[in-house]
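So, here come the structures, one by one.
Heads up, the next two complexes both have subunit A, just with different partners, subunit B and then subunit C.
Let's turn to the complex of A and B:
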């Protein structure tokens, strides 16, 4: 009896499994749905930015589906995304990409969060010739490997703080500056560093401190003591949210006076909220800001996106969400221009993308990076105890004047 | 290699003070580890994660509008009970087994704690503000955050308190007896089960204090516990199990070593240098290893 039951259960599950794999092999376009796949960090150390990314994707899917969907061959299709949690682990992300493609039959991918995970997935999508539009992998190394199916809506990492050096030189009357820099040892931050090295070479500036921070480190006292002793014209720090928060904490506690402080990840770190006035005058690189004047018909303007996002998710969208939403707009545009679900046709359409979204202009360079959108810089400015990020560069969108040099700590109230 | 530090004497003072203040904090965490290692023969991989959890308790108070410095009182109380519960749930099942099993078990606890903290507090890096200001020495050329001085003072106070408690109280005596010879202590009427639970609780409480101090001096994140485990492991390896002054000195030594490695070898080798030192010390001790069994004095 027992054996029969076991046999029965086994055969039932075998049939179910067979059915599942059979149906899912047609999952690329399922009825009226275009199925996209994404491995995303819902747990692990990237989970907060992973969720920002997912919210950005979901917001765009809802909006596009509500506004008529994607028109291919005279028929209207809707977007649907299969998500898997990659646990912030590159190996897991690569496995999940494999699973999305082979088991779930996904033919179009959206990127994960962070350069590291995108780097892990890109070889997989490339192998199976799956077009991937990614919004959160900015590392330069992603765009120098000759990938043909990788498209990034964001500006590459080396551009993040180059503008800041130009700005420092400009404020120095066109003369070269002395730069102190501290970067975390990870793909992204090191690419930001390469950008600074380029900018320093171009402007003839000198790098007097060049520290590389270990990933585990949350103490920058030594670097800052050196900065105090050598008095550079500009201090550049990049180490994700931890780097930004540690830097501001210790700069304010050690009373380090620098005329200019440039960083990354200020908004992701909620710098102005966590450190308040101590974060004032910090200059931050950002992919996007709600005050920019870009427009599209789905989200309207940046300000409108900001408002709608707040209404739906209860917090102001960081740029990680905005760029993720833009990735869906790119896919929609490519599908409609390709007018087909053929992967290679969609890929060719992606290559020819040239559009404006609320997030910025998008046009892909030969390596897949977005070459049409400049990075922006904002500066934290405070009125009383409330601090805000004000765009100061490029001048086209500047809402406030760049405040330079940063007043000394002894003069700050 | 960079020898900036030898050109500027003030930098040397700054590095030394930073190193010592940080080292005292490490020593507190390491003392907890030495205590339970000595008593229960368990190497607690979750040590750093207990520290971070203690930090999050202080941070939660900070969010609720209470000054995070009160965390040095509230956090150890809560952590003591968490430690006690942890002992009853997991540790008591591995306490008599070999070292490898206990490492595996506490490694598991570390992963569970990380995920739980990530789930409850989110994966954002957070800081609590003490608003303690800065002490400036030598015409502003050396600056010490008061929060770091505060954390060193609190660490020293708690360490002294613990030493007195271990010497004078009944439980303290029972803990020391158990560390010397658990079987004999049991025969003489010591409830070793309770002693173990209390020891693990005390260790967790020490971690709680350290965590609260870290929340106002450094940064918190669910996944930054491991470096604290490694550092305290090192300090204990150098100092031995039963020796608080040695733990304090080797803690400060490690703090100094880290700071100077940072200046001389470069920041990128700061943590690497700690690991190199660990390997060196382990090899050295292997040569020196006497057959004498170490115990808690």
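Let's turn to the complex of A and C:
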């Protein structure tokens, strides 16, 4: 028995030694490449949004590399990203961040998808003083922990649907409304909930249903039955892509009549395509929309980004892709201003970021969140059988009027 | 006899030296090595029920998650108001001093070992009367229920998750955190090994085996099976709680269903590792966990997106070709090496009989 054990231990030591010799062969800057690292959800419950994020990153890498790369110290460098699959699991994400930094020698990180995973990775990047520009972690608590190396190009999660409540109150003649809400049990959706609670307090509105949805979200019939019985003025749902799809599917199946339906992740779920007319009138919070008038020299306008992205990946870019692309523009800008690969200099340059991208203005607040960009709301509207997302708020970019209240199912064709 | 002991001594001291030197030799792999220690502890203690007692538990993840939440809660709660720390939005951030951090985690780990043990006793009393598949399914439910319940408790962060205290900033060496958690997990591994090894030489193991082989007969022989089953489960819970506490601090963020009560991953892995190595043996779970971890870390990144398919195939291969695990397979192939004497004539006679 001991012989076998010994043999086994010897072989393990040999493998380990081989692995050790592998490490540190990579570096932050490898020849003409600047190596970035990212853990992305390619499998698991966030896999569709993980892929949106990855596509956004890849699109920006290609574009920046093609258009001359990143100029540091008079030399031109190209971006390269090392990806790992975090399986939508925070534990795995933290482990992979460690691996990217310690074993692959990555000195600059791009964020994962979702607030929960970003929360797991941030302590690691912070410990090693690795600047991370993230595009998909919106939870407010990320920005109150005093992280110094975390930069988010997106607006915090609590801002997502606050405006929707204001809008509902306005439509109600300035009088408080009755709110029904259902949120997935995860960091992001719970933060959206906080925003609603704040808005409800501010407007004196009453929350009559406050449900929690499980993580593997496939059914919310219980909540909808309550909505049918209590007839609230607004129904708010947030649960990433699955939440949006489940809500629309069951609302149309159960013919739930509610004057206003506010959600998140409608574009990532391709609601207007997947559910067509059933998704009409849904009001959705979004970080970005192609009709916004922001511009940059790499992607041009939002509309051009939309077109190029469609050509490359075969579907319209959700905001998750747009914000991910913007993260690389931020990195490029910071590298060039720092004119160095020193992590602390790059970090200081990131702090001073003040730029416009096709995705929006970017300027980081003290907690690392983007303070220069408002959230927008769009509404799904259909003409015949083709449905589209039309921006309805804020008024500066509104292409259509907000349609309220949603007609009853019995009146919808 | 003495010669064997001397051999053992060399082996163990070699392993301990390797274990102590590992974080310095393979500095970049410290976190993976910490995971390995924790995985071995989980597999080894799962083996006490699954292998020795014949009660396949999917519920050990309950103690692991409980330990994780308890350690971090105590670590925070000893010095700061826990409710404000975990309050959604986390407007307030408290900073642990170096002394507070280590005191907190120390006390936290003690609590994380004791409470799950008590919980195991209580739950065990209620459900260890179930046998076979009924027990397995019941424990599976325990883990899932715990995850959902934890996701609704505000004081531990509910669905927002719980960010565990960051490693003290006064310790500037970025390697220190990795080393601290590695040695902590290695210590628990050594404790668990010594404990399991002790059990292997004791009457207690024979009783567990008797329960596995025929519980009714064991009962008829006058063994109070219920008592021993509960004690067996409590032993596992003790180490699962410790392992969870360490992992919580290492990961830095606790999510109710994905990190703490992670039955889908950790809960399945611990069973898989024990079976892969060979359940009912001392070294089987250790070898299984090591092999599994190496496969997972080495191969999974090369088959991005397909790793769970590979895992499924691995499970099928193990069940079909190595139902007794690697140790069982080796034992069948080279019985002499395991100290089993086989009478050649007897074996032939048996073959002929068949």
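Operating definition for what follows: the second predicted complex is superposed on the first by the 385 of 413 C-alpha atoms of A that agree within 3 Å, B and C clash if a C-alpha of one lies under 4 Å from a C-alpha of the other, contacts with A are read in each partner's own complex, and residues count from 1 in each chain.
In the analysis below, a contact is a pair of C-beta atoms (placed from the backbone, for glycine too) under 8 Å apart; a residue touches a chain by one contact, two chains touch by 3 or more.
Here the structure is a predicted model, which means the values were calculated and not measured.
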item: Partner chain in contact with A:202 - subunit B first, subunit C second, else both or neither; value: neither
item: First (subunit B), second (subunit C), both or neither touched by A:189; value: second
item: Residue contacts with subunit A in the superposition, subunit B compared against subunit C; value: C
item: Which superposed partner A:241 touches (first subunit B, second subunit C, both, neither); value: first
item: Touching partner for A:253 - first (subunit B), second (subunit C), both, neither; value: first
item: Which of subunit B and subunit C A:229 touches, first, second, both or neither; value: first
item: A:66 touches, of subunit B and subunit C: first, second, both or neither?; value: neither
item: Partner chain(s) touched by A:120 [first = subunit B, second = subunit C, both, neither]; value: second
item: Subunit B versus subunit C as contact partner of A:218, first or second or both or neither; value: first
item: Contacts of A:270 with subunit B and subunit C, given as first, second, both or neither; value: first
item: Set of subunit A residues, in rising order, touched by both subunit B and subunit C; value: 43, 185, 212, 214
item: Subunit A-facing residues of subunit C, complex; value: 4, 7-8, 11, 14-15, 18, 25-32, 35, 88-93, 148, 151-152, 158-161, 163, 166-167, 174, 177-178, 247, 250-253, 255-259, 262, 265, 283, 287, 290, 294, 298, 300-301, 304-305, 307-308, 330, 334, 337-339
item: Subunit C contact footprint on subunit A (complex, rising order); value: 1-6, 8-9, 12-13, 15-16, 19-20, 23-24, 42-43, 83-85, 87-91, 94-95, 98-99, 102-103, 116, 119-120, 123-124, 126-129, 139-141, 144-146, 158, 183-187, 189-191, 193-194, 212, 214-215
item: Residues of subunit B defined as touching subunit A within the complex; value: 4, 8, 10-11, 14-15, 18, 22, 115, 118-119, 122-127, 129, 134, 136, 140-141, 143, 145, 147-148, 218-219, 221-224, 226-227, 259, 262-263, 266-268, 270-272
item: Complex contact set, residues of subunit A against subunit B; value: 43-49, 182, 185, 211-214, 216-219, 221-223, 225-226, 228-230, 240-242, 245-246, 249-250, 253-256, 269-270, 274-276
